[in-house]
Amino acid sequence: MLAAPLAPFILAVFAPFLRRQVGDSVGWVLAVLPAGLTLYFATFLGPVADGQTFVFSTEWIPSLGIALSFYLDGLSLLFALLISFIGTFIVLYAGAYLKGHVDLGRFLMFLLMFMGSMLGLVLSDNVVTLFVFWELTSITSFLLIGFSHDKARSRRAALQALVVTGGGGLALLAGLLLMAQAGGSMELSTLLSDGDVLRDHPWYMAILILVLAGAFTKSAQVPFHFWLPNAMEAPTPVSAYLHSATMVKAGVYLLARMNPGLGGTEVWQIILMTFGGLTLLAGAILALRNTDLKLMLAQTTVASLGLLVFLIGIGETYAIQAAMAYLFAHSMFKGALFMVAGSIDHGTGTREISRLSGLGRAMPFTAVAGGLAALSMSGLPPFFGFIAKEWVYKGTLDGSLPLLLTAVAITGNALMFAVAFLVGFKPFFGKPGDTPHKPHEGSLGVWIGALTLAVLSLFFGLFSGISEAFFVGPAAIAVAGQAMVVDLYLWGGFKAPVVASIITVALGALFFWQGRRLSALLARIIDSLWGPDKGYDQFMDGLVGLARWVSALLQTGRLRRYMLVTFLTLAAALVLPQLLLGRGLEIKTPPLDILVWVIGLLAFGGTLAIPFTRSRVAAIMLMGVLGLSVAFVFLLFGAPDLAFTQLMVETLSVVILALVIARLPVFGADWRGGPRAIRDGILAVAIGTAMTALLISITSAPLDLALSEFFGVRSYLEAYGRNVVNVILVDFRALDTLGEIAVVTIAGVSVLALLAFRHRTADDEEGTTS
Amino acid sequence: METTLAVLVGALFAISVYLLLSSSLIRLILGVFVLGNATHLLIFVTGRLTRESPPLIDSGLKVAEAGIANPLPQALILTAIVISFSLFAFLLVLSYRAYQSLGAIDTDEMRVAEPESRTPAMRGRDV
Amino acid sequence: MSDWSAWLVVWPVAIPLMGAALAVALWGRERTQITIGVLAVALQFIASLALLQHVWVHGPLAMAMGGWSAPFGIALAADTLGAGLTVVASAVALVILVYSVADTRADHWKAGLVPLLLALMMGVAGAFLTADIFNLYVWFEVTLISSFGLIVMGGRREQLDGAVKYAFLNLLATTILLIAIALLYGMTGTLSIADLSGKVADLPDDSPVETVALLFLVSLGMKAALFPLHFWLPAAYHTPLPTVSAIFAALLTKVGVYSLMRVFMVVFPDSAEIARDVMIWVAVATMILGALGALAEPDIRRVISYTVVSGVGVMVGGLAIGTETALLGTTFYVIHSIVISAALFMAAGMIARAGGGTRIADLAGLYKGSPFLAVAFLIAGLSLAGVPPLAGFWPKVYLVQAGLEVGAYGIVAGVLISGFLTLVLVGRTFALVFWREATEGARAIGPDGGPVLKGGLAVLVVATFVIGIYSAPVVDLSLRAAGNLLTPAAYIEAVLGLPQEAANLGASGTEARP
Amino acid sequence: MNLFLANIVLALLWGAVTTSFSPSNLLFGFVLGFMSLWLVRDRFDVRNFRRPWRAFRLAGLFLLELALSAFRVARDTLSPSMPFRPAIVAMPLEVTDEVEIMLLANLISLTPGTLSLDVSTDRSTLYIHAMDVDDPDELRAEIRDGFERRIIEVME
Amino acid sequence: MNSLILRTATPFLVGLMLLFSIYVLLRGHNEPGGGFIGGLIGASAFAIYAIAEGLASARRALVVPPITVAGTGLLLAALSGVISIFFGDAFLTGQWWFPDFAPDLKYLSSVVLFDVGVYLVVVGTIASIAFALEERE
Amino acid sequence: MADFGSDFLQFSVYIAYTAIMISLGLTVFRLLRGPTLADRVVALDMLALLGIAFIGIFSIATEEYAFLDVAIALALVGFLATVAFSRYVYRGALEERRDPSKPDEGDDS
Amino acid sequence: MIDLVAGVLLLIGASFSLIAGIGLIRLPDVYLRMHAATKAGTLGAGLVLVALALHGQQLEVTARAVTGVLFLLFTAPVAAHLLGRAGYLSGAPLWSKTRFDDLMDKYDADGRKLGGTPEEALTKPPADRDA
């Protein structure tokens, strides 16, 4: 079990290698793994249908209780099966579809990694583990969507998907961690077992919003629905996989999974129903607006995701059953239709609906698959799509505003009905159209998946008992978090849902009939509107623009500004505590010591003249004056070593300064303009004053001299030196001195390094080897 | 006595801050020099002041007399002086080399590493 | 001090010191110097590994320099944090050094690259291992002066410009640090970090502890490149040799962050309320503004520089929260950031080789010619953005968790927003540099580097991956480090509890002088 | 004074300043002195100077000159009217050895009122700035018969 | 600098200064002075030598490149700290030797060796900076 | 006599301090005033000499002869500073002669 | 007694230092100011050191003080020469009352070589060539 999600990762690493070894039939080799996984998961169908759940856990970060733990119940099993089963065909399909592509191996690698991520996501029990796989799906889909990276649109779509889902993911992380904290566990199975703990927690709202942000971005709910159709830039196998069964359903999975813990509240219902409903309508309308097969399918996927969220939002028994049923149905027919679209693209060189017609003869398998899948999607009996739609209406009619909810569902379904026929029938009937290539059927790998899924749509409709017992039923129970009776059937008598279905079909037929005109009309309206896709561009422009603005404001490239901000910060640091704590300062009048005062004045006067002198040399020499006066201070207060060093150092500094400054140009008085001078002056005086105050405040208290007394006692007796300062330097604190002379030496080395390249001519040549 | 020197220290800090806020490289160097001296005096003052009795153990004595100047800050200042001197020497040569290469001593005109013109080649949406 | 194992705390400092000295003494013989350099860093790594092992088994280890025990003398002391960071730093430095041997031209080696690098490593190890606050200042200066030499190595105009800003601002930072240390001494009369721990707590209410703590925050924050004191970093980090950028980004700001941790957790554990409050908000600002700055930059090296800034915000954010989980996150992030910053700058160096420059607008289509580089850059970038299961993910989890625990929502939001911005940044940069089709506008495409360069980068990228997948050891280390910081009793005991030996009575076989 | 003598003097000076004339300390001083001199060996081409006692006479003359003219300079500096008349005087040299020239120039500079500005490249002429020149020949004669002659006596 | 007077005076001055610098170095343990100050004086001596005699002579007088002197000094200082490992002491523990034959030679210790290292570092570094700056001409 | 001697010495010390301080002020004034570069160098040289005198007086006043070495060192490095600055002036002059058209490097007249 | 002598020397030394300072302000050209500094200043500092040598009354102190004085006497004139020459070359003006200037035009064009002055070219009294 633990190996299940990890195996695709491991195999992924070898995919490019295998491609090189076995060539284009690599898909058949790699498909063995998902097929095996399907079989493996299928073994759990029985036990899970019997109400068993499985937990598999191993230590990951034991000290923090983060485990690599997996949980298998009806919901996760349904997803795991869809992922591995559809994945099998996708791998085959990709191998055939991208035959001869130079990067096929790499593509399959990403695809397998994605599969692993998805499996991990739906199986995870630990919130952190869940998030890990959640983000992995974003990353791998980034790579998959950007696979045709020579196209700017692909790059944009990939980045867009990353930005939207990645951004949502971060919110989800916060939500999950908050949830873990609120519920006192990292394990979902524990957290969700008693949902009231979460629902009654003060953080409930925060958790909800954060989790929904994650789910909505991933599952392309309004207003984040725009990234999904753009992601159609990816090769069709990606669309077929990511956007039918897997990635986009991750958000739905999350909502379904969280339902026992977070669902059922009014706010949950309102938000989910509102966003889900809006997404359903928006996706369905946009689907009709488009004329590219893949885009139309993508938009219906958005709509379907909206429908699923909508249903989970309603949260009643039938609604949840409907959600699971529709999810199951959708995975099959949408997977099939995407592969059909790809097959058509592959066989004709276009996906433009207006150019496609009469392909049935040239592409018989594809046509059959498309027709069957379209029937399921349009919700006609005896396909499983019909059952799902019936259950949808059962669910909406059960909800709090049955008429409104049902109306929304009918509108959405009717639009999807039209699209289903446009995609699944229109290309195959009528007079052959004018296509770039002469239409031809692809290899087995291209159509086998579509056909299988389409046939299964029929199969599960006919044998609804199987779907009910093994797939929808256990999943719905898991979502509801409580036992329920699930009884799926094709015909339950002429009741309200059937009426709704009939309305749907009628409306759908109308839309199909007026498809062209409607599409043109919608195109005109929608394209003139501002939409979130344009908003994304504006967001990116704005973000980078903001970044540039902030950066230009702060990082001006002028040392002077950096200094100014630094000193303002320093001033704030010095003044802030004073303001906050409001302490006074008691200044004792110092004794009048003329010698100290005169030397102090000399130091002060000499230094004060530095900014005002016009002569470089005078300025340098004034530093000598400062150095000398400070040395005098050291002398006066019993620091001969300091005075000694100070004099030597100051003199040498001044000498080196003269040596260097002689080579710098004219200098002039420090003129910086009135306001600037005043500003700088005030800042300077403020810092100076604060320093003085701080120093007085500190020195007015007694100092603990224990260290110095220790040195005084030990200096001669144990370190054999009478100059205590020197003994400190070479013995008591010799490590400081060792560091200090390292500084001196390295300063010399640094200067040599500085001067070593002074004669360089090739100015901007990098110092790297060639 | 600490108070008098505290005032001097503050004054030196103020002057050095004023110098460091200049855009002239030479003045920045002068500012660093003054800052160093101000800091060394500050350390000296934090160790409290004692007039005219250096921390030397007179011959004939085995331990230091009471009331000698505090030797620890002196040792710290010595270390600090040496370090500031080394850094100062480097700064000087750096300034010279910067002038030589960049042709400016006004730091406002030193815009090679962070160029003035930031005409963005790309919009945020461009990938 | 008959215990030889105590010398373990000395070697990580002494080995690079002697190596640097020897390299300086052998001036001009760059082949020999390189051998010395690689050997010294390798030995430093081994020594610090042994030190960490010792600390892990026996708890904090200290040695009194010259036999004068703290607070009178200087003690070098290692707890899990110090030893662990020394291990990571020297390991990454070793990788960078080996990479550099293949990457850097001979005239640069001749100009003293080896002694400068070794001195830097000595300074970094010294800062990680010293238990004396003034000694910490000395190590800061050692690090600083060697970074001066390294940043100008090559003498290009850009470098000199960057170095001017770098040098003046950093000099100011260490000066403020020195002032803060002096004032602290003026209040407590002691310099030992362990001793200060108690002495600061005992200070009367009216002593200006808060101000001094803020001065430490300003100075160390500047070294760490905290907003609004971070200017020096984006001004300079993109200018030197790729390997120098790598080692700077890996180590320098971390020394600042480490010191903030040490000072605020051990010296001011219960005071410095204002500084802590301020720290939260500057951390948040740093995370977000750093990431924004990265988004604004047209040059890939500057982009990386800004991400270093952003990361500093994350680390300090954890420190500001100060709980066990938060410190765990900070420590983990420090380790992660050491690895990843080096990797990114090394990758930038290889991008410059492959694409002929580092301006993003001029780079394109590197995916085709340099798939290895593309993968490495992407993994490193995603790790930087905190994408699981890479190493950068975990510290963010812990920081968010810690922030939620104590209600520091600013930090939570900052971590998440900066993570988002970084994700956008990495995705966009990757798309532009690697994915975009090479047009006439883009520069000539060359080889991205030989096996040594690739190997060096691969080691770090694999490290960030492995740390992500199997993070338990790093978590355990970081947890222990956090625990050491929160209850520094063992550290204090190790430092202050050393026996006060008469330095030379008997040991050298001579009598005390008459 | 040859190198060895100089070394002995340095060793004694070492003894004096370190307050110990013990053999080991003097020997140590000698070694140090030797090392110092070794470093400047390149330029140490001083020939023997044979009459040390005459050096004392030279020193005496110098001190006398110093005292006398110090007073004059003090007076000139302080007098309100500044009654002196400066000039730059060329003075032909008799001494030729560079040590002698240096000694002469330094002594002239040290005595108040006169200042050696430069020596001509051919070592023939010393240019002196004098504070108060009445008769340049008198100044020249004074120097020639005073310092210059004494120096020749000492060094010959 | 092209001056007869200076050039002639230099050997005397420089010799004295070097001697004085060593005096200051060795006396430092008991009186004001020490390796650093001594080193500064020594470096000043070399600076004057270089000014008077030119760079080439100054380099010749030092025999090895000045930065090598600094490196050697640093190594010496570090080794003076490491040798205490052979006596079972901590890093940088002072080791003293008072030989019977020269009882007042107070200079035989690791501590003085350390200070000599400091001296060499300072002389070497400052000379190397000054020489490098002069190299231009 | 001994008492008078030490009193007199005390008195001399005060007078000497005063004289040195006044002279210091005058010297700094000259240093600032110039007008020629050479004037400033003279002032600097003078500063070192005054420093030596100050240390001497201080040594006498405190009977602390440890400071004496400081004075000697000051004599040495004061010389170094003067030589260096003279060289600076000298080089400037030679430069000027070689290329009179080159604008004077400033303000430093 | 020694105190008395030391005191007197101290006073004289200090006076010379003061006079040097006054000279530095009052005297009209740089060469004259150099007279004040080099001579009066050196004398002042030297005398203080001699006073110290007497006052110290220990061989070691005296030896060091004397060494100091010797240093001073040795370095001051060399420095004065270098500075005077540099000042002259850089065109520091002579006081208007300077009577004559034998150095005038003796330096070659680039200032590196200094010509001598033959006996017959010496300025003779009474000075007829005023600068």
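Lettered A, B, C, D, E, F and G in written order, each chain numbered from 1.
Assume contacts are C-beta pairs under 8 Å (C-beta built on N, C-alpha and C of every residue); 3 or more make two chains touch, one makes a residue touch a chain.
If you're wondering where the values come from, they're calculated on a predicted model, not measured in any experiment.
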Set of chains adjacent to chain D and to chain E:
G
Counting one step per pair of touching chains, how few steps separate chain E from chain G?
1
Write down the chain pair with more C-beta contact pairs when B-C is set against D-G.
D-G
In terms of CA centroid distance, which chain is the most far removed from chain A?
D
Starting from the mean Cα coordinates of chain C and chain F, work out the distance between those two points in Å.
47
For the pair chain B and chain E, the C-alpha centroid-to-centroid distance in angstrom is 26
On a C-alpha centroid basis, what's the spacing between chain A and chain F, in Å?
69
Please work out the Cα centroid separation of chain E and chain F, and write it as a whole number of Å.
27
In chain D, the residues touching two or more other chains are 13, 17-18, 105-106, 116, 118-119, 123
So chain A residues touching two or more other chains come to 152, 155, 159, 540, 543-544, 548, 552, 555, 557, 559, 563, 616, 636, 640-641, 644-645, 648-649, 651-652, 655-656, 659-660, 665, 667, 691, 695, 698-699, 703, 705, 707, 711, 717, 719-720, 722-723, 729, 731-738, 740-747, 749-752, 754-755, 758
Residue numbers in chain G touching two or more further chains are 15, 22, 34, 38, 42, 58, 60, 64, 67, 71, 74-76, 78, 81-82, 84-85, 112
What are all the touching pairs of chains?
A-B, A-C, A-E, A-F, B-C, B-E, B-F, C-E, D-E, D-G, E-F, E-G, F-G
Could you please specify the touching residues of chain A with respect to chain F in the complex?
595, 598, 602, 605-606, 609, 613-618, 621-622, 624-625, 628, 631-632, 635-636, 640, 643-644, 647-648, 651-652, 654-655, 658-659, 662, 665-668
Residue numbers of chain G touching chain D in their complex, please.
15-16, 19, 22-23, 26-29, 31-32, 34-36, 38-40, 42-43, 58-60, 63-64, 67, 73-74, 76-78, 80-81, 84-85, 88, 94-95, 97-104, 106, 113-119, 121-127, 131
Which stretch or stretches of chain E touch chain G in the complex?
1-3, 5-6, 9, 12-13, 16, 20
Chain E residues within the chain F interface of the complex:
1, 6, 13, 17, 20, 24, 27, 31-33, 37, 40-41, 44, 47-48, 51
Quick check on the complex: what are the chain E residues that touch chain B?
30-32, 36, 125-126, 129, 133
